[in-house]
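Right after this note come the structures.
Two complexes come next, and they have one chain in common, chain A, joined by chain B in the first and chain C in the second.
Entry: the complex of A and B
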């Protein structure tokens, strides 16, 4: 083990040239990916990247600050609607509309954070759930927001470029995702991040050490909502069309599942959690495409698990995988990663 | 006429029908070690919770450096210079020792949301501030001899060590008044001896006034400048250790009645 010589080593991101090398390789691979991948896979990557952004934001709230939210689909919807409305009705350019919409989501996050000062655990879950359900109802009733008809996303132009294909959009999306993850990581490592974790671990001690709970709890909600808002704004352009029915309670729960399955309170957790669950979600929709067992699973679910005779095996497989991960590794996928790393470091002992 | 450094004036608080504190009054001078003794449930920790702003007293005032603090929020009181430790350890169990004590620097640091997010490289504001305050924390780690557990997560450390880290965290706040709630509970005699030296050092070298709750009578009598005994939320006696030791009611409570 090498000795630390500098306090900056405690907080710096790249601790050795090896890390820098692998990190650059990963970033390079991400940028080269669309050159080799087909359109469908680029679409999948976009879908995953958006979910990573939401999961990272939700992780700040659930994993680091110890609050819960079942209303993140609401912030996601605000981001999506806000971006499109600002572009269509107010003529904002995309790169301005996106942060503005996310800022609106953050304001709602701040407001939702206020009851969180009094509520905990299941009570907070219900309060946020109410928010998530209400917001889509309100959007659906207002004609200005497209009502039940929904809204079409306009083309994105950034300077001279028009981003109208998934591949072009991918570059924008991956850049934003990497940037937002860096921001999150820095935030967690510095003063505000420590205050969040302190509130989660021992809120009374945090208060008596000078942490303003009111400020930091609402800040966690606002930042988390901002991330969801950005992701929502981007999602609108992946789908090209949005309607209130997209932003369901199921979506909020999936966001939460990504964070829990990935590993609460870690930087890698939301990344791997979102990647795995999105990939599974897309794969299991076409259960018959899975070689050998696909057809058998389909039959199984039709005969035994379904009342209506419609195949629902994807939910069952999906649920079983989530239960297995949480059961065998309470720290989520991140916990498996830590154990593997420890194993190889001490190998062969 | 100057005001006293720290003053508790006719403090009362009750929970439902139980009068946890009744008419408690005392004052502390700067640089003093003032101990509060009393049987379990006498209201000692309730007194601490009132001072650090976790409970709002029903009646009475608490005055610190001339300002009334009894209606202020805990974080405001911390900013004014009062730090505390807890009887049942309240550490941030998923942080390491360094980070736990770093949280004590919270009120002395400025990095917020944006400055934190923009910690790009060593010359950024957040990184410079982080380095500067980690140096200060390292001094506390040296002082309390915690070097070997600097990067360990505190959740799994022995009880006595956790108590020390709590003390370190409180010291990092650079308080003028330090509230110690049973700092020696659960320690062996050697650890206790060390703790006594540290408390003396904190008083002598750092000039911090200490309000102490402790059950170990020998320790209380050794290090305190003055002692207050309370029972059932009421003040029994207040005076120098010798005076308190001779008080009949204190003797009755601690040694038993002689017939």
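Entry: the complex of A and C
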């Protein structure tokens, strides 16, 4: 059905005019979206776009290279603090500060990649987890980084424009997201991308075939951290205010959950996973406002549970989704999509 | 000098609770190679169960603790039977995600049921009852934790080394197919492992709950226990206890002499450094990967 006959077919961006049409329609819809949507929905879209960037970067590491990271909130924090510090203290313009901060995050990713060469499984999990916790603690205790009080994000000026509303920021964000996703998609199709996949599938075999494990594993960590750094830098301007308590272990866990729920090792997976989990996160924060379910839950909470802890239902929902995905569909939502597509393509048979 | 001794004593005291959590983790990893991130929350729900028995149902202390231990064992058995066993293609990442999922469900359940505010546990020993030896203070609770950690470590060590069930657990980890061939019901063994581990976790939870009791109380001991388990090599019971005491003591000395600010993170920095030098932990035999 999907047989590839030459190398060009494997690397081409669009397989048919239909795909080009739907893709342009999607891009167009994304750019027109703020004209029709209210401010809150634009904010939600910004929030989702940022998580998509992190999830795409983490997917390179977890899905394609087969490493585990429970410390991406650390890179995210480096990106956020780096961007704001460079803008406030060093007077960098935004478009320079963002890649610089992301580059700093990538350097930390490279450093974390070095021990990862010798670690795997739970050892790697605890090392990355320790890194994430350590980074946020260190940032939170140093006065230069605003300490416990946090930092306010300055306004962004790009040339003659000042981006001070969510809608204006949305255009910048969506452009960057699309560019970064394109870059990721192309990276997977290059020699480096194939090396990542080879390391995931059989690292010793890959080494025998001439893949430089040292280079490609640290590269995967660095690129992944770079994405998290960019996303962190942008996140600071969506929240307008950052403090160390935002970048918790729970955040790292949510990033990992997005990738796993969406589908490991696919382009669409992290996009779907990040969209679903972010939307749920925002919805479940005010769970009692949901029609019908909310009232029922309120009564249930009054009788059997506590009404003060009702917002913690979101943990139950996220946890159940994570368990269900791994148990029933290890390829994630993307796996469900692939199977449905296959089923309908060969439908009567 | 007194300061130094006091800090070391405090380090040993806090190390004991890390050691208990680490032991619970190692038991599961030894048998099934699952890094159990839900360990902390399994202990959490057990200690909240104990609190509920003591305050809402007015059961006296010792029967309540006995019921809690029964509950903990059943909880561990249930989780293994209902969730872990159902995983189709177990790999490390999948197991980590499942156990984190269990953790979040239990955490959400406890904080929904009991609210997020600080609770008090009607424990027979208060957190401030203490012995004074010379100029050194040590609370009774800390002594109890220390005794519990060392006792459980020795019992478990002997159990794994000499009892039939312990040997069966070892066999299950080393080669589960061969274990099945010689007549070991590996599924049942795994269930028992989870039960025992949950019990050890519950002991840790009960001993921590008098000082601090809210839904996030187990995160720090769990992560430090996990760190100690990794540092001790993930499979060695004495290794994890020694590593836990090392972490506790280093943490306290660092807090006393270098900077109190970074006390909580120094353990993780040490872990990353140790893993850079010895990737399989301090007390494990050299780890060889099967190709």
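In this text, the second predicted complex is superposed on the first by the 329 of 349 C-alpha atoms of A that agree within 3 Å, B and C clash if a C-alpha of one lies under 4 Å from a C-alpha of the other, contacts with A are read in each partner's own complex, and residues count from 1 in each chain.
Everything that follows uses one rule, which is that a residue touches a chain if its C-beta (ideal position, glycine included) is under 8 Å from a C-beta of that chain, and two chains touch if they have at least 3 such contacts.
Keep in mind that what you see is a predicted model, and the values were worked out from it rather than measured.
Enquirer: Check chain A with both chain B and chain C modelled on it and let me know: fit or clash.
Expert: fit
Enquirer: Quick test of understanding: once the structures are aligned on A, what is the angle at the Cα centre of chain A formed with chain B and chain C, as a multiple of 10 degrees?
Expert: 80
Enquirer: A:204 contacts which: chain B (first), chain C (second), both, neither?
Expert: Both chain B and chain C are touched by A:204.
Enquirer: When the two structures are overlaid on chain A, which partner does A:93 contact: first (chain B), second (chain C), both, or neither?
Expert: Neither partner.
Enquirer: In the superposed arrangement, which partner chain does A:115 touch: chain B (first), chain C (second), both, or neither?
Expert: second
Enquirer: Give the label of whichever partner, chain B or chain C, reaches more residues of chain A.
Expert: C
Enquirer: Quick check on the superposed pair: does A:28 touch chain B, chain C, both, or neither? Answer first, second, both or neither.
Expert: neither
Enquirer: So, A:187: does it touch chain B (first), chain C (second), both, or neither?
Expert: first
Enquirer: For A:10, using the defined touch cut-off, is the partner it touches chain B, chain C, both, or neither? Pick first, second, both or neither.
Expert: Touch status of A:10: first partner only.
Enquirer: Once both structures are aligned on chain A, how many angstrom separate the closest C-alpha atoms of chain B and chain C?
Expert: 8
Enquirer: Need the overlap of the two footprints on chain A, from chain B and from chain C, as residue ranges.
Expert: Residues common to the chain A contacts of chain C and of chain B are 204, listed in rising order.
Enquirer: Within their complex, state which residues of chain C touch chain A.
Expert: The contact residues of chain C facing chain A are 29, 33, 35, 83, 86-89, 92-94, 96-98, 100-109, 111-117, 215, 219, 223, 226-227, 230, 234, 261-262, 264-265, 267-269, 271-272, 275-276, 279-281, 289, 291.
Enquirer: Report the residues of chain A in contact with chain B in the complex, numbered from low to high.
Expert: Residues 6-8, 10-12, 183-184, 186-187, 189-195, 197-198, 200-202, 204-213, 219, 223, 265 of chain A touch chain B in their complex.
Enquirer: Quick one: in the complex, what on chain A touches chain C?
Expert: Per the stated touch rule, the residues are 62, 68, 70, 114-115, 118-123, 125-127, 129-131, 133-134, 137-138, 141, 204, 249, 253, 256-257, 260, 264, 301, 304-306, 308-310, 312-323, 325-327, 330.
Enquirer: Per the contact definition, I'd like the list of chain B residues that touch chain A in the complex.
Expert: Spelled out, the residues of chain B in touch with chain A are 52-54, 73-75, 77-79, 83-84, 86, 90-95, 98-99, 102-104, 106-107, 109-113, 115-120, 122, 126-127, 129-131, 134-135, 138, 169-170, 173.
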